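Think of it as A, B and C in the order they're written, each chain with its own count starting at 1.
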Amino acid sequence: MKRTRIGGSLLLAVAAAALLAGGPTSPGWGAAAKDTLVIALPIEIPSADTHLAIGLPAIGMVAQISDTLVVLDERGRVKPWLAESWTEEDGGRSLVFKIRDNVRMHDGRTLTAEDVAFSLERFRRVAIGRSALAPVESVTALPGNRVKVTTRAPFAPLLRTFTYSSIGIFSKAAIERAGSDQEFAKHPIGPGPYRFVRLVRGDRMELEAFPQYWAGRPKIRRIVVRYIPDMSARVAALESGDADVIHDFTPQDAERIRAHPQLTLINPPSAGFIRLNLNTQRPPFNDVRVRHAVAYAIDRDAITKEIFRGLAKVARSLVPANATGYVEIYDVYRYNPDRARQLLREAGVPDLTFTLSYGAGRYLMDKEVVEAVQAQLARVGITMRINQMEWGQYSAMLRLPLERNPTQMSFTWWRTVNGDADSAIGIYSRAELPPRGNNVPFYVSEEFERVYAAQQVEPDPTKRRALIRQLQQILMQDLPSIPMYQQPIFWATRTNVVGLAPKVTSLSTLWPLYDVEIR
Amino acid sequence: MRAYLTRRLLIAVPTLLAVTVLIFVAMRVIPGDPAVLLAGDFATPETVAALRAKWGLDRPLPVQYVVFFRNLVRGDLGASIVSDLPVLEEIAQRFRVTLLLALSAMLVALAIGLTGGIVAATRAYTVWDYASMTAALVGVSTPIFWSGMLLILVFAVRLGWLPSGGAGTWQGYVLPACSLGFFAAGVIARQTRSAMLDVLRQDYVRTARAKGVAEPRVNAYHALRNALIPVVTIVGLEFGRMLGGAVLTETVFSLPGLGSFLIISIGKRDYPVVQGIVLWIALAFVVINMLVDILYAALDPRIRYA
Amino acid sequence: MREAAASSVALRAGARDGRRRSTAALAWRRFRRHRAAQLGLGVVLLFALLALGASLIAPYSPTEADLALRLAPPSRAHWLGMDQQGRDLLSRIIHGGRTSMLIGLIAVGVAAGIGVPLGAISGARGGWLGQILMGLVDVFLSFPAILVAILVVALAGPGLRNAMIAIGISQMPAYARLMRAEVIRLRAETFVEAARALGLPEWRILSRHILPNAAGPLIIQSTLNLAGAILSAAYLGFLGLGAQPPTPEWGAMLSDGRTYLRTAPHVAIYPGLAVMLVVLGFNLFGDGLRDALDPRATRR
């Protein structure tokens, strides 16, 4: 018996040696048939109903069942989809969509304006993300297969909102037949390229090609979306052929995948960015010089170059880089330790000490980044303590009102809802102060409020863009948050998967799977 | 024994009751709001309030507990905050995975642990003894994410003999069962060896030897039965722990078991699910520990429960 | 046969009371003959020495980072290579021993300190009290360790001391169950029956006759738990309990290295080896200690 045990350890040792020595990779255990695409995600799919699902990559997958009215093209412009055209009415308060005729749904019915209006109403009623349509006052189906969406006041980013993959369109008859939202979610029916087969919670979702899809029959017969929570396990699944497509892994793995002949790295433009928020109402960060000093003392280029292996870009404004109107020119905080020390002396805090809190393990490389920041700040004499927190506890703390909020510096990710800078920058307004919203730096500026209000009602796109630039300038001067880097998005496929091209949407990256094939 | 069992069963009720109260209070004492966590960053306070009202979280705590308890008595654990599905259904689905993993891992652990421990004890202080002890310690102090990943890299990536994870097939359980089983085997082997050594030195074994009873028989009948008592205790503890889910093993091998479900549900403050799982784990421990106590008496007839 | 054995054990048990000093001397002599135990003690002392004199012994600062040298493999200047921040791994392991061994020892101490008496009383008293105590242990067994940790952070705040308590609490039930099993097992033994027949008080039987004989399983459990405590410290670190960056600590170093298992294995392997060696040392030492204290091994 002892022999077996020792044998076991020996086997492991030999195996380790074999690994280090390298050698051919096997074709994979029970390699899936070529007409099935296995996608491994870091989050589980809680529901197959886009209105109820949470988590961006999950919604992207579930959205294959439903479909959206409009989509964004490669250059980020709105493009017709289920809606073949649209017009503005009522002085910019209404949008009228003409729905494509002869779109077949999974239950055999043809998509009508009724289905669209019903789906939008359902989204407004049940969806977790329903605030995306908060400005909407009414949705009505009109004759001629048209749908009219009216907002309370002119809302410039409305059209883009409909590219949001969670605002999916479903069959009204199927929803009514299911009886309840929960029942429908167990077997959703829409006009999308894939129809629902089954969802095993915590494990997998299976989809099947819908041959009558309006934009053409999908090339892959089956899609299996697997939940593989462990990062290294996902990469191993891709290497072994157990998965054809994976999402989310370390920059180190990304480098390795890029060099691997059988694997392809996809690194689409980022949809969100990481920022460090400074509590502007409390010492030490109520002094703008101290905020500037910290910004000068952080070497963001070193972080993107070393920790992200050059696969992430420095964020140079407080809106995401994919938002319309993003400008970098107001970011003057190139790494300058001398300037940082000088500012600290001027502010009278040469031995600045504070605490950074963050929800450890939430974002890619977060621990490495905060530790690197800590070491960089130490070089100019700043002592930054790190307080790692469980996510639930952390997010509750960020939302505490100022009187009870102990946060000095926090680490958060941010994005837009609809690709418009408005929704990303709005958190710096007074209306968003905790506990109501996400103004976690407790930033209050009259100038900002004025310009922010002006851009929301500005009908002229050019003038509006100028106002949005001005907002970025104000923020980068006052610096309630330090923009760190554009959070990279890593996907990888086996090289025989062809046609999986990222479509950058407002909120995330969408994968039109109907065009993908396995060779 | 009958008095013991009666008492044991009578104590089980307040034990489980205490667990429900403690877990109920603990989940609500810790900061973090399920509504905020579920609704996401863009949620308005109105959305959050509506969600809280939907789940009844806006009512006073004692009222919430009474509602929970009343449903519990009727066998209803409520619905998951995250999925809206019945908690019982959610747990049952994960428990199938957990049970399979626990049974197969325990099999591995017992086979390796018991035999390893017995052989080490009968040849105590030899090279074999030290070697197997070292192997056991390596097993215990190697993080599962390490040994598990090594197994995946060898058997799934390099050799392609087994899947890298997932609960779809029985093959998917081979690597996780080994990974989890090796860990428990280390503990079992160490306890078996120690207990065997203890017993082998005891007077009645010496007496038996002196009376000329053949050595193997001594080992088999007297020594082993006695030695089994601490071993059974440890096996019971390990098995109970496995039935509660093996978080790390489940994570590394992407198995949708109870352990990772519990961790995720705590993270999302899915109160009904956490309450359900913990109650389930408590039930498992109460039953297993009772069985273990009965086993003590079966193994050594001299044991009487007062 | 049983009666004969019983009387001989009873005589020995009674006799031992009278010559405790020589028992200690005997144990020391036996320990000195136990070479593996000395090796274990040596390893433990070596790591303790390294930890205590870390600032003198470590070749570099454990916190000074150079991102450009991130994940550099072992070299002549840096024997064990650099970690994910570009810090000298050897220096971090030497410094990290202090925190890690402290966490391990105190957590195990807390767990055994609560669990052993609990199990002893439950085993010795039986009846309602024993059952209620075991019910309590069942409650603790079913309470998720992560929830204990989050609760401790919420109620008592972060910090190293609270981390040790949290780990201790979650390891406690194993001691209680083990100790109880030993008490139940040993109470059925002839020498305990004999001691009771001699009219020795219950606490005396517990402390003098049962505890030394129960030491084996408890010592083994402790050395194994030591490894568990050091490894789980990393997890607690993520919840804000325990050492916070940049303080080096083996558990966290191991778990940080997890990300680089494929690309820079040295980052995880060396802290892992340190944990393994210390646990091995304690184990060998524990074994020797148990043999030395074994009341029945007098003639060996």
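One rule holds in what follows: a residue touches a chain if its C-beta (ideal position, glycine included) is under 8 Å from a C-beta of that chain, and two chains touch if they have at least 3 such contacts.
What you are looking at is a predicted structure, and each value in this text was computed from that prediction instead of being measured.
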Contact graph of the chains (line, ring, star, complete, other): complete
Of A-C and B-C, the pair joined by more C-beta contact pairs is B-C
Per the C-alpha means, the centres of chain A and chain B lie apart by a whole-Å value of 37
In whole angstrom, the CA-centroid distance of chain A from chain C equals 45
So, in whole Å, the Cα centroid of chain B is separated from that of chain C by 21
Residues of chain B that touch at least two other chains are 30-31, 138, 145, 149, 153
Shared-interface residues of chain A (touching two or more other chains) are 232, 390, 392-393
Chain C residues touching 2+ other chains are 150, 154, 258, 261-262
Note: in the complex, chain A contacts chain B through residues 1-2, 4-6, 8-9, 12, 15-16, 18-19, 23, 25-30, 44, 46-47, 52, 54, 128-132, 134, 182, 185, 200-204, 226-230, 232-233, 236-237, 239-242, 390-393, 395-397, 399, 414, 417, 423, 435-438
Given the complex, residues on chain C that touch chain B span 1-2, 4-5, 8-9, 36, 125-128, 130-132, 134-139, 141-144, 146-147, 150-151, 154-155, 173-174, 177-178, 181-182, 184-185, 187-191, 213, 216-217, 220-221, 223-224, 227-228, 231, 254-255, 258, 261-262, 268, 272, 275-276, 279-280, 283, 290, 294, 296-297
The chain A residues in contact with chain C across the complex are 231-232, 235, 250, 252-253, 255-256, 302-303, 306-307, 360-361, 367-368, 370-372, 374-375, 378, 385-390, 392-393
Contacts from chain B onto chain A in the complex sit at residues 30-33, 36-45, 47, 82-85, 90, 93-94, 112, 115-116, 118-120, 128, 131-132, 135-136, 138, 145, 147, 149-150, 152-154, 156-169, 171, 182, 185, 189, 251-254, 256, 260-261, 264, 267-269
The residues of chain C that touch chain A in their complex are 63-65, 67-68, 70-71, 84-86, 150, 153-154, 158, 237-240, 244-246, 256, 258-264
